[in-house]
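Following this message is one structure expressed as structure tokens.
Order of writing sets the chain letters: A, B, C, D and E. Residues in each chain are counted from 1.
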Amino acid sequence: MMVQPVLLIALPLFFAFLLPLISLWSKKVLKYVVMGVMAFNAILAFIVLIEALKAPIFDIIAGFQPPLGIVLMVGPLGAFIALVINVAAFVISLYSATVTKEPLLKYYMLSLLILMGATGMVLTGDLFNLFVFLEVTSIAAYGLASYNKDRKGFEGALKYVIMGSIGSSFVLIGIAIIYAQLRTLNMLDIATRLGEMDPYTKIVAFVSLFLGFGVEAEMFPLNAWVPETYDGAPHPVSAMFASMSAKSGIFALARVIFTIFAFSNYLWFVVIMGILTVFFGEIIAYVQKNIKRMLAYSSIGQMGMIIMGLGIGTVLSVQGAFFQMFSHAMGKALLFIAAGYMIYAAGTDRMDKMKGIGRNPLIGIPLLIGILSIMGMPPFIGFYGKFYILMGGFQQGYYAIIALFLAASIVEVAYYARFIKIAFEKSERKYPAPNIWVYAPLIIFAIIIVLFGIYPKPVMDILSHVAAFLAGGA
Amino acid sequence: MEILGIFGIFVLVPLIGSVIAYLFRKYAVAVAAIFAAVPSIALYPFYDTNVSRIINIGVKLNLTLDPTTWFFMLMLDTLAFSALLFAIPYIKKAQGNFATLILVALAGANGVLMARDFLSLYIFWEMMSWATYLLILRKSGEYARRYLLFGVLSAYFIIMGIGIVYYYTGSFLYSATTGIPMSGWFWILLFLVLGFGVKMAVVPLHVWAPYAYCAEQPFVAFLSGGLSKLGTFGILMAMYSIAGISILQGFGTFRGVSLFGYPFALLGAITAFIGTVLAIFQDDLRKLLAYSSIGQLGYVMVGLGLGTSLALGGAIFHAFNHAFFKSLLFLGAGAVIYRTGKYKISEMGGLGYKMPFTFLFVLFAIFALAGIPITSGFISKWMLYEAAIAKKFVFIAPLMLIASVGAFLYCFRILYGVFLGQLSEEHKDVKEAPAPMLAAMFILMLPLVIFSIVPGWILGWISKILVSMGLKPLEYSTFAYYSPIGNANMLIMWIAFMLLFMVSMIIFMMKKARVVDQLDNYLAGEAPTQVQLHAAHNFYKPLKDTWAPVLKYSINRAYEKFSQFFVEGFKEIRKMYTENPQDYAAYMGIAFLIFVLVGWWLL
Amino acid sequence: MSIVNILIQSTLVALYLFLAICIGLLFMGIARKVTARIQNRVGPPIYQNFIDVGKLLAKKTNIKHNWIFDFAPLFALAGVLLALAYLPMGGYKMLSGTGDLILLLYIIAIPALGFALGSGASANPNAGVGVMRALTLMLSYEMPFLLVLLALMIFYNTASLSTLLEKQMSFAWGIVALPISALAADIALQGMMMEKPFDIPIAPHEIASGPLVEFGGKYLGMLMLYSAGSVVLETTLFVDLFLGGGVVLNPATYGVVAYVVNYLVWFALIFVVWMIAVFINAVFPRFRIEQAFKFYWKWPTVIAAIGLAQAYIMSVFLGVIP
Amino acid sequence: MKAIEIFKELGIEYEEMKVKGNSTPRYRAKVEPDKLEEIIKKFKTQGFKHFVALSCVDWIKEGNMELIYHLFSYDTLEDVFLSIYLPRDEPKYKTLRHLFPQIETYEREVHEMFGVEFEGNDRLGEFILEDWNDMPPMRKDFDTVKYVKEKYESVPLVEGRGDKQ
Amino acid sequence: MTDNPNPLPSIIPEKDWKKIQRMLSKRSLWMIHFCTGCGAMEMPPTMTSRYDMERFGIIPMATPRQADLLLVTGYVAVKTLKRIVRVYEQMQDPKYVISFGSCPINGGLYWDSYNTIKRLDKYIPVDLYIAGCMPRPEAIMDAFLKLMKDIDEGRADGWLRYRKYYDKYRANQMRVFKRWDE
């Protein structure tokens, strides 16, 4: 049964606008509806992935032929990242059941919209379409970031709005330049007819697209908004940011680098940007006192590693980068959910006031699995991505950069170990037990991390299609 | 278990066991002991075989079981089994995760030993190190954090080594290392040996050991006895199996010893000396054993560095002895801590009268550590000395000899402080250690006795390893062993010692002796009141005063100052994020400009 | 090795060991006589130590603390006899063919450790302090002594005592080849034999004779046999290493006569070495343990290092192969 | 400051003691018990830093105990004896160990030998005489010969060789 | 304190073995001098060159375990008696006691003192008294020879008497001490 990929986008959009009607009928059922939609969407994504593995699917919407019409080009990697985003969204939606601040309707609508935007960005084959979904994601993200309506929420959202809108405008400039020169917006088409562009304007177009999506992908000079936004946003939202909007952003960046502007002499600059992101992310995370800020900076560090992996450009390192996207989405979502519970249980978000919070095994074990996976310890999924990126780096001979990266990751291990020390210290302080909506997502994420860690074969098979992706394919 | 073969028995069984053991809440440790017994028993049919197998779990892991792996695995699995057997009464709370983590560490260790490609080596190495981290975490977060920092440092050294191999050969296999230039080999070997050296606690990188060895004693016995041998195995494989003698000699030789190995031998000798000197002045029993372990591993490092067949054989044999007598010492210490709950040597005293079996086991371990000929500890030290003296190394040999004399000092400090001297009032009713503990200690004592009488067996195993590494086999017969400048026969020595012991026994048995209570003692006529007359407090004070100017400096504090310097730097960098959106917008503008300029400049 | 041959050899070894213990007691008697004469007093007869040992072994009641307390006399005597068995006396190589210098170095440690164990078990604080001082002293005098042994092993390129004797016979006595090392060895010997300036561990005035505080009767008797044996052991060690082990006539050519003559020469040599130690003992006050440690790790170590350098240079650079 | 001036200043009548052959001047003064502490403090500040001894004399006929505090000054090389009289049957006085630490030992000895109570001195128990279970021995009414005959002579001889000679 | 029989094999007849034993202990008397009173001053001259007691095999030893001759030199206060008894009991049989001076004999100078015991013999068996208000070294040397003759003829059996009449001695001692264990 041929499932149209467009359903993946249409379903959340449809339900997003259906929710107000359902809320008229009864408030309580809202969260179960959202969970149902997201679950169904995840299953759909899985089916799309199975088919995409056989051959990239082209789905023309409303009959317009390329290069004019909107076309969805779903490659195996795009489908894989879509599946990751949807699974993460579903599990986080379980955790959103704990959000109690009043206008829940708005919260659920925005979460469906951000899911739709992120999935769209990943699946679309058309540049303008990519920009549209980027806008949808960003706007939904602005709304969700300021959902708490407190000073920190507004401040974070404000910074995100400023940086996000500058980023989107850069993307618009880039698209305009490309459209002016090539008269087409279909990515495959652009990739084939790149030669006709005048080299200088090609650079300007690439840089503006690169910077535009860089904001979403938390690259070094552009990620100043990340800590405040993640800190101000409600806990499930920061988990969503880490696993959904960041992933779609980095995927778009990968697409920009490889499919649209597949030229290699610029890549070493991307690697430098990646290593700078890692360096600043890890180092500033070390001096943080607040747990969500620490996780935000650590997520910047992980994203920097993925950018570095893309920048290195060999098949191995790009496979590593994609695997790292998958592991970072799972791991970081788990940590943010755990952080959310800890802030709620300890009453404060300062780490040194949370002595002994991890002693309850329900929270302790998933927390440990998450941290070990983020650190890159073997039987968990965090290891394979990091290892492949490093080996790719060695293949290209980037010794110094790899050494700097290893030093930065020692700093990362240092601050995570410090956090574990605080979390597992003996203390007579009693913490309220987590309810089902908290430890259920933690356990699901932990199972995914361990399962695919011990037996990563299916993910490896998906990633074997990277070679096609690199050559400008889907 | 033919489906997965050696991978199944030695890696999967402990892993599955760790999950099952977690389910048995209170009896987890006992169940774990059973699971740990499986690999050690399953080892015997694999003697002198060369089974290999490739497992594909998404990444290819090729594992083989050859004499070298068999030898180290024999050591490791028996240690794990006896540590778990010892732990049954010792661990009172949270048995579940103790059993799980020990089995995960064992699986990781077996994996490292069987790995024949760098990827699987790294996977199992890291598995073993984070399992150890969590086991230390059970005791104290700060110690665990220091251990993990050094564990990760060692892992990243190894990654650098693997990376360079991958850069030159494009594959992870050990055997596929042809066509690497000498400069490449230098960096690969340097990083690998440093990486494995961290786990063997070589002096500049030893700072984690005294902290890590303060965790629960049964685990520490397995950690210091077994897991530090992974470092030895790693260096052995890196220098002699992956690189091979020809490449080592390629670096130029200094009287037959490769110029790459000699500095490590010197470093090992310095480690032996510093480890022993620091061990003499420790009052905490666990810290003393930790520093003594660093010292003994220094000897192994010397043997590995020198690289002649006698030195390498000595190193492997000393690693074997060290595994058994050090974990026996830690188990003995664990039994004492279990019964008295005290860590400081000066607070215990006279426990030998109340815990005779523990005392005998620890005494035998001390004899092995000091290298007394009636134990096999002597043979390995003898081989290392002969190797160093035969090659006329004038800096390594004295350091090693003085370190072994220093070993006597801290050995006696343990014996006198803990087991002899005055039995204090509160330890009046201390009972002997429970049965499983004594059984575990007995298992560890057996090889030290057997191989001291019949060294031929184990020297045969070691010769097989040396031959597989391309070196000459050792010269040995069942009871004696030879070196270019001397020999020693154990059987004759044992017989002579027995006969002379009987002679002194005859003289001794002439008169019966009346047993007297410990307080009926000559104290210049005064009645010995209950004041603590135990002379173990600040035992080597005169020596400490003479060494005071040297002891001032501590590598540990140097590390702390060094890391403090970096943290200050991080605080400066943090100021870059100025919480002010206008700056962020400015950053984007500047970034755009730089990117475009770089792009154009690149064209 | 036929059974008869083994029997003969073992009886010979037993005879040599018994003689060694008697010589040891005789030497201690002579030492007391010589010290007395130096202090211008008559002094006990030289067979006084035999009587002392006899009296001690014939004591009616013996005090013992616990079963570990018995370790001291058993290990001490057995260990010293074993060490003596490995030392060639007067050219007669008993077991030294099957063991070398490093094995001997560790066998000498057995009695020390057993004795320390026994005195530790006597639960007397004086004993604990005494043993601590003994071990600190051991660490101090072992430093020069090990450098000296190293020099010998490097120069003669062998670690087994029997070949060392042959090489000294063929080439030159140790004292001739390495005089500086011989000097350092003699200073170290003073500490090994716990003669006055270095009898800190068994100081009667400060710590009531240290480890020996609780030993009386048969225990003290056996420990006196041990100290007699160790006197002969240490002096023979010096003679074997540096004075050719007293081998003057080659036993292959002269047979039994050579053994007797060598024995007498050996006896004379160890007597000389013993007298040097006794004279120093008679006139010196006792060091404190820190002074002893500082002393040994300063000058004797420097001398021994020079000896080692000399041996190293001669054997490696100048190629002097004995 | 000279002892005589201190005496005049405090208004205590003192008596110079002529001792053949001893050139340093010695003064003796009888003082009221409650004023003693002030006087000693005064002397202490004026150079009499050395507290030589506290001794006790048992005047059995007059029925009182005399406590003599002996001070010495290094500046003027003079000895001063300040004595107080306590009733003999149950002599009691407060401790002065806060002025000079060594007074405590002397008080313990005087207590053990003469039975003088010193409030404030908590270490008055068994001091020199081990296993002593009789009245303080230095008091004049203690008859040593009777005590010796009753305690030591009464101990029977153990037979064996000892009694033949 | 049970009397343990002599387990030596009977190759040497009992009587001769006792003679040898007496000869050995006679020729090597190891003394532990307990400097109680003013007599200790007489010991250095007897040890050093003029009189040299080491001629007879008598050397000072540090602990009672190693010694078999106890010298009580001078008056014995009650306090000191407790230490002397403890040291005496820590010595190993056969052990002998020589007491110097007149004070241990009948109290001497301190005949009427409440603090000194008057006759040492009542508390521990004394083998030999040396009279004199501190005997000179010649007297001490003569005492040593006399003791050696006594040992030879088997008369110096103080330690046997102490063991046989132990409870009598202990009763006498407890009449003087209030409590023993301190």
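Just so it is clear, contacts are C-beta pairs under 8 Å (C-beta built on N, C-alpha and C of every residue); 3 or more make two chains touch, one makes a residue touch a chain.
This structure is a prediction, so every number in the text was calculated from the model and none was measured.
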Key: Chain-contact steps, minimal, separating chain D from chain B   = 2
Request  = Report the most central chain, judged by the distance from each chain's C-alpha mean to the global C-alpha mean.
outcome  = B
Query = Considering A-B alongside C-E, which chain pair is linked by more C-beta pairs in contact?
reply = A-B
Message = Need the CA-centroid distance for the pair chain D / chain E, whole Å please.
response = 40
Query = So, what's the distance in Å between the C-alpha centres of chain D and chain C?
reply = 62
Message = Please tell me the distance, in whole Å, between the geometric centres of chain A and chain E computed from their C-alpha atoms.
response = 97
Task = List the centre-to-centre spacing of chain B and chain E in whole Å, with centres computed as mean CA coordinates.
result = 59
Message = Could you pull out the residues of chain E that touch at least 2 other chains?
response = 4, 63, 65, 82, 90
Inquiry  = Residues of chain D that contact two or more other chains, please.
reply    = none
Ask   = Hey, which chains are touching each other here?
value = A-B, B-C, B-E, C-E, D-E
Inquiry  = For a test of understanding, state which residues of chain B touch chain E in their complex under the given definition.
reply    = 510-512, 514, 520, 522, 524-527, 529
Message = For a test of understanding, state which residues of chain A touch chain B in their complex under the given definition.
response = 158-159, 162-163, 166-167, 170, 199-200, 203-204, 206-208, 210-211, 215, 221-222, 224-225, 227-228, 265-266, 269, 280, 283-284, 286-287, 368, 372, 375, 377-379, 383-384, 387, 390-391, 393-395, 397, 399, 402-403, 406, 409-411, 413-414, 417-418, 420-422, 424-425, 454-460
Query = Which residues of chain E touch chain C in the complex?
reply = 4, 6, 20-21, 24-25, 27-28, 30, 48-50, 52, 54-57, 59-63, 65-66, 68, 90, 92-94
Query = So in the complex, which bits of chain D are touching chain E?
reply = 129-134, 137, 142, 144-145, 147-148, 151-153, 155-162
Message = Residue numbers of chain E touching chain B in their complex, please.
response = 4, 7-8, 34, 63-65, 82-84, 86-87, 90, 181-182
